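You will see chain A twice below: alongside chain B first, and alongside chain C after that.
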Partner chain A sequence: MTSVKTKTLQVGDGASAVVVPDATPPVYKRRRKPLTFDKVSFFVVFLGLPLAIYLLFVIWPFIQAFGYSLTDWSGFSPKQNFIGLENYQKLFTDDIFMKAMGNNILLVIFLPIITIILSLVLATLVTVGGGSRGQIKGLRNSSFYRVVSFFPYTIPAIAIGIMWGQIYDPSGGLLNGILTSLGLEQFKAFAWLGDKSTAMIATMFVIVWGFIGFYMVLFVAGIKGIPAELFEAARIDGAGRFRTAVSITIPLIRDNIQTAYIYMGILALDAFVYMAALNSGGGPDNSTLVMSQQLFFTAFTKGQFGLASAMGVVLAVATLIFSGLVFLVNRLTGGDKDVSL
Partner chain B sequence: MTTKTASQEMTSLHFNPRKPVATTGDKVVGAVSHTALSIWSLIVILPLLWTFMSSFKTSSEIFASPFALPSQWRFDNYARAWTEAGIGSYFLNSVIVVGSALVIVMVLGSMCAYVLARYVFFGSKAIYYLMLAGLTFPIFLAMVPLFFVMRNLGLLNTLPGLILVYVGFALPFTVFFLFSFFKSLSHEITEAASLDGAGEWRTFFQIMLPMAKPGLASVAIFNFLGLWNQFLIPVAINAAGPRVLSQGLAAFAGQMGYAVDFGALFAAVTVTVVPVLIVYIIFQRQLQGSVSQGTSK
Partner chain C sequence: MNIQQQSFARRGFLRGALAAAVLVPLAGSMASCAADGGGGTAGPTGTVSDTNPFGMADKSTVDAVIFKGGYGIDYVDFAGKAFENAHSGSTAKISPSTDIAQELQPRFVGGNPPDLIDNSGAKAIGFSTILAQLEDLTSVVNAKNLEGKVIKDTLYGGVLAPGTFEGKLAAMNYVLTVYAMWYSDALLKDNGWTVPKTWDELYVLGEQAKAKGKYLFVWGKEAATYYQEMAIASAIKEGGQDVRLGLENLKADCWSHPALQSVFTALEKIIKAGYFKPGGSGTQFTAAQAQWSNAQEALFYPSGSWIENEMKDQTKSGFQMTGAPVPSVTTSSKLPYASLHSAAGEPFVVPSQGKNVPGGKELLRVMLSKDAATNFAKTKLAPTIVKDTVPADGFGSTALVSQTKLLSDAGDNIYTWNFIDLYGTNKDQLVVWNTFLDGKSDVATLTSNLQEITDKIRNDSSVKKIEVK
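== the complex of A and B ==
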């Protein structure tokens, strides 16, 4: 994974990039120093303090969740009976939870694909969309596009949700306003988030809107890491723009794409903020309900903490399976092979 | 707009013999690319502009026409959002919580990363992988038990509790990012410092930390965005406590069904969006750099 990166660096930047700090082995390493107050206090504070906070507020709750998921705990009662896998059984026969899981699967498949394709196209235009003669260069004013594209990523997700909720508003919203002014009268009072057939697509659009810019910047950085000679060589060999993108750019930023796919997939498995802001009740006919919403509702409204923890575990397992699958697919399609640079 | 200036520059290229000549194909591709990117920019900017404009309208104006400019620029929407809807105090709470959490997580995170990156001891690898686990598991899994941890500690619905949890969840990312950074710093310098009589503490604060400045800045920006956007943690463990901005905004939007004050809602959204946007525009170079640094490892 990293081998490609370092090679790229050396080819691209020549001598200036070759700085290898740990080339000389430190001789002093083996010398044993006596434990001083300085050293002990250093370790206690530098390692102990962060670790204590981390263990208490992050790791311990994670471990507890597995335990709770095997009980019928309702939270506020002291009674906590061990019921084994009953909660899981209940979940997998619960139509609403299965529907939520289905929606999550839908999101996990489509959100990353759409986001990555669109941001990859934009990143390619920005970096290598310039003229076909002379040096490889990007479009003019491309920094403007990059800066603007990143805007949504800086906006709190909840604000994005509320804003788009208003844009989709059937009577006073921006979207229907634009559509009717274009002569599409049928959209005069169309409820994008209130219609079963459009609620999910409209929601997905909002999430994609929020993330394209981020991945575009990520891919731009990846593409800029590819030595320009490679593009020039491809051009001399007669490769067109599309061919260059498919045969040079995508294989060489494959690691970035994999990272993006995993990040976006994990986001799709959660998706809580967007769903809560756009359709807090799960949408028409539960068409936008996701597992995290169901978990939150089960825990903090219904007080069924055991069941909610089981949902959390299912969510965690789904995340792990997903990440594993992405790695596996990448490996099977030749991602582990060193790209010939 | 941008297309026009670009094509003008392109024609002038013909008179500069040192620059390569743009072919017809280039012009077409350039025009198409600019059109695509301009449309995308519009899709980004239009909703923001519309929100901004609507924040000056009355509710009835908003429903009458989504495009019309407000008949009168109503700044009282902002006043109502700021005081009556409580956005002002939520904003302040957010600044306190995110500010403190950011400082603490940067200090603790860089310390932890430094120790893990520069010292080899029993269990150092295990701690590193434990941190990795915190990044992979969905935060949702921890929410229910965390609720009770906080309640037992008496930190439920308090700002210090929120700060500590923010620190905990931002720690793994911070440590990861800075780990590779400290690893790449030269060992000779530490050796020289210790020869000169500097202790472990001094070496870290006076020598290593200043050297890690670029890395620290990137992580800080990232953590700031992440924590400022945080929604789930406050909603789960601070439901009855002093609200932070994202939480307060959601609550305000949630009650909109009953008391319709859309002008104030748009004003509240604008208040949330604009400061971060300004910070971003100022730091955008650094931030874009940190995206590539932080994620392409």
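== the complex of A and C ==
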């Protein structure tokens, strides 16, 4: 661990030690330069425009949504009454919404962990998991595996959902077909998506299946950025593959993992497409219902836009809290003072 | 109606799901379309006459948005052409939509809704939310149709009821749907079986079917509430209008009515005996329906009369699809065995704020002409609310012939209910029914869960209740 740190620090120092010319201009020269047309047009196009678009299409709607969440707006009339925080009170006493929130929390805990662990394992195998003689390399044919495992990510989410819906079909589905042909007769008409005990797990599997390849590629890129000498040194010191992964790979691509965790978590807090495709109604006993689905039903089939806006606000706040938590955990576990290349 | 909408949902499913995927992250911005609504623009008015009963201005344009589901929109195109012929210089602009609520929400809020809407499909606008903004269509039924007859005299009885809310005829439901227990006449005849008239007879038939390797019923996860429809229809037959009014008005303990309980118990007996094909709660409903209509793994399927059109491509040849009334509990039920759940669907509405309100009504009047209605029956194999448009051979469809027979057998004993549509509870009820049909709950759980859904609406002061008498 220590040797790793020193080494990396040296590398880092080297990179930042490039001398920037005119780094410290004399104080009297720090007057504002006249605004030329070039400068102004640059500001307008590259700063002003994006900012304006951001304010108009992201911030303003959000403020509006919060405003509507305090009303009883039906969504189809220009009129609405201010009812204060009543919608929020209703949400937190509504068992179905709480169930949906619970499911989202379940997803946010397990989806990123499972996806990241599996794709890390795969990434390690195809980059440094190869033979223990000669150069550090991945398994044989690793470039082939890399391409193949990226395939699912190129399929649109809705297509993935529909495809797996067919595979899970109790009577004509591929999965039960395989299981029964292996002699497991109890799966003859087993409803994977229709049974409370398996619906969520089956759904999670589909999402993980869809994303594993993408995160694998992300981690491969990260691992490729680590100098091969580090791995060689570890090998000479007698570290096995697991030890190398835990002590070298993971600490050095920590930032990538954090990013992956946040992205995957945000996906888990939404998850709308997968849930809608696999179990549009929320699954048996609402076991796969998520907040975004409930928001959609409330707004468009029940005509309660005020309440739906409140759900949107809760969803947004949950996302922010989640990102904050990931950063906090990373910091508490020493992420800020840890290594980077 | 809601049940029907469910079955059409799959057509717009891909698009809907994709649109939703884009929309949900922007949950906030969805609401942002709401600005201060513009004031209503009164439509230009022309001279009122028998050929122009609503005083539509000459050479005006009618803007119609039609739900594009199982029936498509070509029947409105057909009426649009007739409209343009009747009023030269005027144009009917007919646009399809698979997602009425989402597409029209900004137009309603902006005070610029279309002149005529077919508010149907899984994503229809809940009626209680827009009721105040709709025209009363009584003037349309009082007007004369293109053939010179007063429209209300040409309609089937009771068809205006589902569109009437608190005394206002806010929606004109165009298509007549018959709810029944559908089966293959050929299959039953081949085995020497007859259609069971009570739940007990049904149970006995289940045993015989099982001996031949067939189930009584199949179900799909998105359509589990078809069995709720069946149960309510059978319970109303047993217990009379009390049952219906209790449910419609969201009464406490309405699901504990003895008639409903006896139907639930009969269903439970069939489920526990294994006469339902297992795995339905994980099966797409169209796949389940094909197991019935194509693979013939089950004998019966409760559904609306759209089932023939919907499964057209997946029905075994020589199937002879036929509808029967749902079974009664006892032979001494309050309403006769032949009484029927039938309702007009595809609700057409005319928003008061539209630019050409008379034009919207005029197009609707053209649709209710005998010519346009016959065209619909012929191309969609389903009757409209206009009488006498289906010939005796039902355009060659056994299902259509059986519908006409069911309707005439039932006479005045036709009933329907609205509470599921009105309060948008179908989704919550699906969950409960899937569990029940799976054999994972019992009558007591089913009852308390359904009651909970009803109670939640009743106790929610922000939901506008509509009293049914």
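Please note the rule applied: the second predicted complex is superposed on the first by the 279 of 341 C-alpha atoms of A that agree within 3 Å, B and C clash if a C-alpha of one lies under 4 Å from a C-alpha of the other, contacts with A are read in each partner's own complex, and residues count from 1 in each chain.
Here, contacts are C-beta pairs under 8 Å (C-beta built on N, C-alpha and C of every residue); 3 or more make two chains touch, one makes a residue touch a chain.
As the structure is a computational prediction, the values presented were derived from the model and not from experiment.
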item	value
Touching partner for A:D285 - first (chain B), second (chain C), both, neither	second
Chain B versus chain C as contact partner of A:R146, first or second or both or neither	first
Partner chain in contact with A:G172 - chain B first, chain C second, else both or neither	both
Which of chain B and chain C A:G213 touches, first, second, both or neither	first
Touching partner for A:A189 - first (chain B), second (chain C), both, neither	second
Chain B versus chain C as contact partner of A:I96, first or second or both or neither	second
Partner chain(s) touched by A:F305 [first = chain B, second = chain C, both, neither]	both
Dominant toucher of chain A (residue count), chain B or chain C	B
Touched partner set for A:P78, first chain B, second chain C, both or neither	second
Chain B and chain C footprints on chain A, overlapping residues	57-58, 60-62, 64-65, 68, 75, 157-158, 165, 171-172, 270, 272-273, 276-277, 280, 292, 295-296, 299-300, 305, 308-309, 312-313, 315-316
Partner chain B, residues of chain A touching it in the complex	2, 5, 21-22, 26, 28, 36, 38-39, 41-43, 45-47, 49-51, 53-54, 56-62, 64-65, 68, 75, 121-122, 125-126, 129-134, 139-142, 144-159, 162-167, 171-174, 176-178, 181, 209, 212-214, 217-218, 220-222, 225, 241, 255-256, 259, 263, 266, 269-270, 272-273, 276-277, 280, 292, 295-296, 299-300, 305, 308-309, 312-313, 315-316, 319-320, 323
List of chain C residues in touch with chain A within their complex	13-14, 17-18, 20-21, 23-32, 34, 36-37, 101-102, 105, 108-109, 111, 122-123, 125-126, 128-130, 132-133, 221-222, 277-284, 287, 291, 423-424, 427-428, 430-431, 434-435, 438, 440, 460, 462-463
Complex contact set, residues of chain A against chain C	57-58, 60-62, 64-66, 68, 72-79, 83, 86, 90, 96, 157-158, 161, 165, 168-172, 189-196, 270, 272-273, 276-277, 279-286, 292, 295-297, 299-309, 311-313, 315-316
Residues on chain B engaged by chain A in the complex (per definition of touch)	2, 5-6, 9, 19-23, 25-26, 29-30, 33-34, 36-37, 40-41, 43-48, 50-51, 54, 62-67, 108-109, 111-112, 114-116, 127, 130-131, 133-134, 136-149, 164-165, 167-169, 171-172, 175, 184-187, 191, 199-201, 204, 225, 228-229, 231-232, 235-236, 239, 245-246, 249-250, 253-254, 262, 265-266, 269, 272-273, 276-277, 279-281, 284, 287-288, 291-292, 295-297
